[in-house]
Amino acid sequence: MDTVTANTRPDLRVSIGGLELANPVMTASGTFGYAQEFSNLLDLDQLGGIIVKGISLEPRPGNPPPRIVETACGMLNAIGLENVGVDRFIKEKMVWLAKLASPLVVNILGDSVEEYGEIARRLDQVEGISGLEINISCPNVKKGGVAFGTVPTMAAEVTKVVRRVTELPLIVKLSPNVTNIVEMAKAVEGAGADAVSLINTLIGMAIDAKSRRPKLANIIGGLSGPAIKPVALRMVYQVAGSVKIPVIGIGGISCADDAVEFLLAGATAIQVGTANFYEPAVTIQIIQGMEDYLRQQGETSIRDIIGTVRTGAEV
Amino acid sequence: MDTVTANTRPDLRVSIGGLELANPVMTASGTFGYAQEFSNLLDLDQLGGIIVKGISLEPRPGNPPPRIVETACGMLNAIGLENVGVDRFIKEKMVWLAKLASPLVVNILGDSVEEYGEIARRLDQVEGISGLEINISCPNVKKGGVAFGTVPTMAAEVTKVVRRVTELPLIVKLSPNVTNIVEMAKAVEGAGADAVSLINTLIGMAIDAKSRRPKLANIIGGLSGPAIKPVALRMVYQVAGSVKIPVIGIGGISCADDAVEFLLAGATAIQVGTANFYEPAVTIQIIQGMEDYLRQQGETSIRDIIGTVRTGAEV
Amino acid sequence: MFSVVKTDIRQIEPYSLVAFFMSEFQENCPIETITRSASDVVCITVLASQIARTACPGQFVMVRVGNGYDPLLRRPFSIHACDQKNNSISLLFKVVGQGTAMLAALAPDDSLDLIGPLGKGFSFGNTPACLVGGGMGIAPLYFLASELAARESTNDHHILLGARNREELAPFVDQFSGLGFAVQTATDDGSLGHHGFVPDLLDAITPFAGTIYTCGPHPMMENVVRKCSQLSLPCQVSLETHMACGLGACLGCTVAGKDGYVHVCKQGPVFPASEVKWTL
Amino acid sequence: MFSVVKTDIRQIEPYSLVAFFMSEFQENCPIETITRSASDVVCITVLASQIARTACPGQFVMVRVGNGYDPLLRRPFSIHACDQKNNSISLLFKVVGQGTAMLAALAPDDSLDLIGPLGKGFSFGNTPACLVGGGMGIAPLYFLASELAARESTNDHHILLGARNREELAPFVDQFSGLGFAVQTATDDGSLGHHGFVPDLLDAITPFAGTIYTCGPHPMMENVVRKCSQLSLPCQVSLETHMACGLGACLGCTVAGKDGYVHVCKQGPVFPASEVKWTL
């Protein structure tokens, strides 16, 4: 290992199934809008990657309000996947997004396997898109509403269909609401995913005692934020130990130490979600903090720490 | 509905499959020791019920340290089910415990179906025990370590075996680390459980970035505390809508409003876990707060609010 | 400052609006003064040069509470006053929960992390103006009133304020009177002014042919909007919802608009009443 | 107070011990004074009549930090000083993380929610006593030293204190000197006393035939224990672990004992060195 002086800039580059990132820090889908919303508050070009809000085939109005509620060290959301639809996304958002230096990944979602395939097809040749992330937490309307993300064969099918229509790096985003996350990861790996990202939100609920009504109009919603970090880290650790494709860690990441924990557990990159809301420049702080960490640890490259958590008696 | 004046004492009594509780507030297994530890800090006889630390057939030393770590609004524990074993429990702890006015429920755990049956058999005729709670989160060593709590047929089998050897009210405690919690609840209901309690801890992990070591010697542990409340409430809501036996809500309950949320979602009683650690008298505060809540809502009995969350357009 | 918006900006795609009209800043703002009234109303004045320079009445800031994760989300507060000379802005709020309690406990040597100015504020409509505020909804109207007072004679305008009782309302009356306005008041308990609700005061000012600006509890605003639509008066309302980001990114701050959902943090918080769906 | 334990209490089943020797209280304790030194060491003195009345040297309290859920768990702190006349106890701690930072920010009109006195403190062994403290491990030794000074001539005993540098150590030296003790010192940087580690100072006091009481960083205590076992001296160590409850209920505060695990909060924090498993 090379010795690192305080002046050496550590190497933060990582590669995710063909996607080359200047650093491992990306923004999570649905928590960074279409990036433009944050452009006054941080330098977007410093980000390792940007993942935009989930896009469906048709525009979706989303759920009725209230859609969000704060919980202990977390929040529940039931946005209902409000988005402008793939065609307006390409026409209205991509012009601006294509000018960004950071790789852009588009998160996609559908109610049927065919929908996923069709969205991917339409995005495939669009200038400025570096990869796709498949959100499989959505219910499959044709299969009685069971989420694609809870049945390995269904997740594999979606992956295969998307794989068929695009050469873009393909990330499949896993839902944590399953008994066996490793099984899910292996299924999509086998179906051609270039990487997996995890976790999406945990399903949760909150009730207002006084009015006796659910705090979300949708009754249930997705739990995110620091509260879920331990669950996310455990799943990343389990999956990274079981698949060969790169893993992207997501869930409650709020500072550089959090991000490092995920890399040590085996993630090649990370995504920051809820933290963007309360600290818009948190991603930049994390990138800076990762550099400091590497210097302190006497490492020259972030790649050298991936999966190096010391679980044995080796010390 | 009767009108309630400020002087009327609301009726807090509930019944859990033959277990009559003066109020719905119990202490969760593993978070209240053998009750004696708390006897100087609150009046144990005011509790709706007491559930003691999980008891196995043989004494268990538990896991090596560190066993606990704080997380955002929660904690991870990997105690490793340290306990004195069923025989010493009966000999050493029951003398003192039998004197308490509150119903005592013993939480039991085993590595095989036979062990569960044998512990239940030994506890069956012991004076002062009002019920058993089966912890099915443990791995079944005979079935390759898959947790009883993740496979419906295995959970049902444990329930049946215990049911066969005891007439005591039988609560089965469900693990949240499953895709389909309703399926688990229905399986144990069908196998003869008098009630289900949920949730046990979510599986999580934490890493110390500096030393690159897991913060728990056991690597993974169970997440509890306010952080998990939304997940617990969602599962209680789902299960209460799907089974006929009473549901006991557990997970992050820290104040009367939290407890009320679980009752509105359909729980007949609740258990307080982690909160006992930082606020030993929290259960007493919750009981008092429930009375205040009923007065404010103009209700005379706690039983009238169970499952009354308003999810429709009824307002 | 307080620019007159000529084009109907709601025809423009919301996200390009950002680039046109707004630039928000994240500022670490030293607290200059913090005062707490008898009725648990707190006023914090902070140095916030960038925000003070660009803020318009009706806009808001997102405030970080504490340094930990509980509470996790920033809290939205309207800009109550803006002093461009001293580079300061003031927030006025009531202690209603954990976040506001923590803010109330701050001291003049502490600082506040703010993002702002955010959202779309009031747009200048036909004069005269009639400001109708209820409870803490009066907070943003003071900034609006200051701008009005700076432009035109205060005699032209109407200020109608309501609250639960004298204790809550009196400090506001002093503030607006200080700008030179005659203030009409209503209290729930009759302890100051009209015994009843503030929308009742609208009856006394008709015939009126100007613009109504209102902020307050939802039922109150509904009442105001009902009267305005009966009288065919243009009305601007400032809405509140739960917000996670305040930036238009989370899509959490939805309310039902005339056609489809609108996002309060970006397309509002101030809307022409006609753009919002009311259950009148 | 500071009772001489005659029976070997470790033969007694730990849970019945509770009823025998201890009664803990939850008290809401007004802060009397709070001081913060240059090296981020904070001393808080609180009124805590029940705890002050029953506390023994080596025992600790569990302190609630803030009113929220972050941080969630109470923090354990040794009782640094106990003033039975004034019904007060003092805690001395270093700011190392979120909890201690929040405690350091408290003011004399705030109060602390304490549970205590907890655990098993030092038991009086053969005299003379030799107290060996490192860093913040010195905190509980001051309470022990006060009791010693109240019983016997301070000349009989040895006080060996170490820290990183003069800045950290000097305040302690003043404290112990104030009780009438002669204090021997060691600092990592040689800025006060011996340039090296505090266990080195043990060599200078041998031959010694009394009891060693030690508290400090684990490697330091290991060193002390190694020397004591070489010299066959009885030694009592005060251990630290992460604690959730402090009451013996969570079973989280385990360390490896001579045979099997022991729980620091209930069977400790003070143990005869021989009861603990060392990697010497």
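We call the chains A, B, C and D, going by the order they appear; numbering starts again at 1 in every chain.
Simple rule for what comes next: a residue touches a chain if its C-beta (ideal position, glycine included) is under 8 Å from a C-beta of that chain, and two chains touch if they have at least 3 such contacts.
Worth saying up front: this structure is predicted, and the values here are computed from it rather than measured.
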Which neighbours does chain B have in common with chain C? A, D
If I average the CA coordinates per chain, which chain comes out farthest from chain B? C
Taking each chain's centre as the mean of its CA atoms, chain B sits from chain D at a distance in Å of 36
Would you mind pulling out the distance in Å between where the CA atoms of chain C average out and where those of chain D do? 55
Intercentroid distance (Cα basis), chain B paired with chain A, Å: 34
Got the chain B residues that touch at least 2 other chains? 72-74, 225-227
Counting only residues that touch at least 2 other chains, which ones in chain D make the list? 69-71
Using the contact definition from the top, classify how the chains connect: line, ring, star, complete or other. complete
Where on chain D does chain B make contact in their complex? 13, 15, 18-19, 23-26, 64, 69-74, 115, 241-245, 247-256, 260-261
Would you mind writing out the residues of chain D in touch with chain C in their complex? 68-71, 98
Touching residues of chain B toward chain A in the complex: what are they? 71-74, 76, 150, 177-180, 202-207, 209-214, 219-220, 223, 225-231, 233-234, 237, 252, 257, 260-261, 264-265, 293, 296, 305, 308-311, 315
Which of the residues in chain D end up touching chain A in this complex? 69-70
Which of the residues in chain B end up touching chain D in this complex? 30-34, 36-38, 40-41, 53, 61-62, 64-70, 72-75, 77, 79, 82, 92-93, 225-227, 254, 274, 276-281
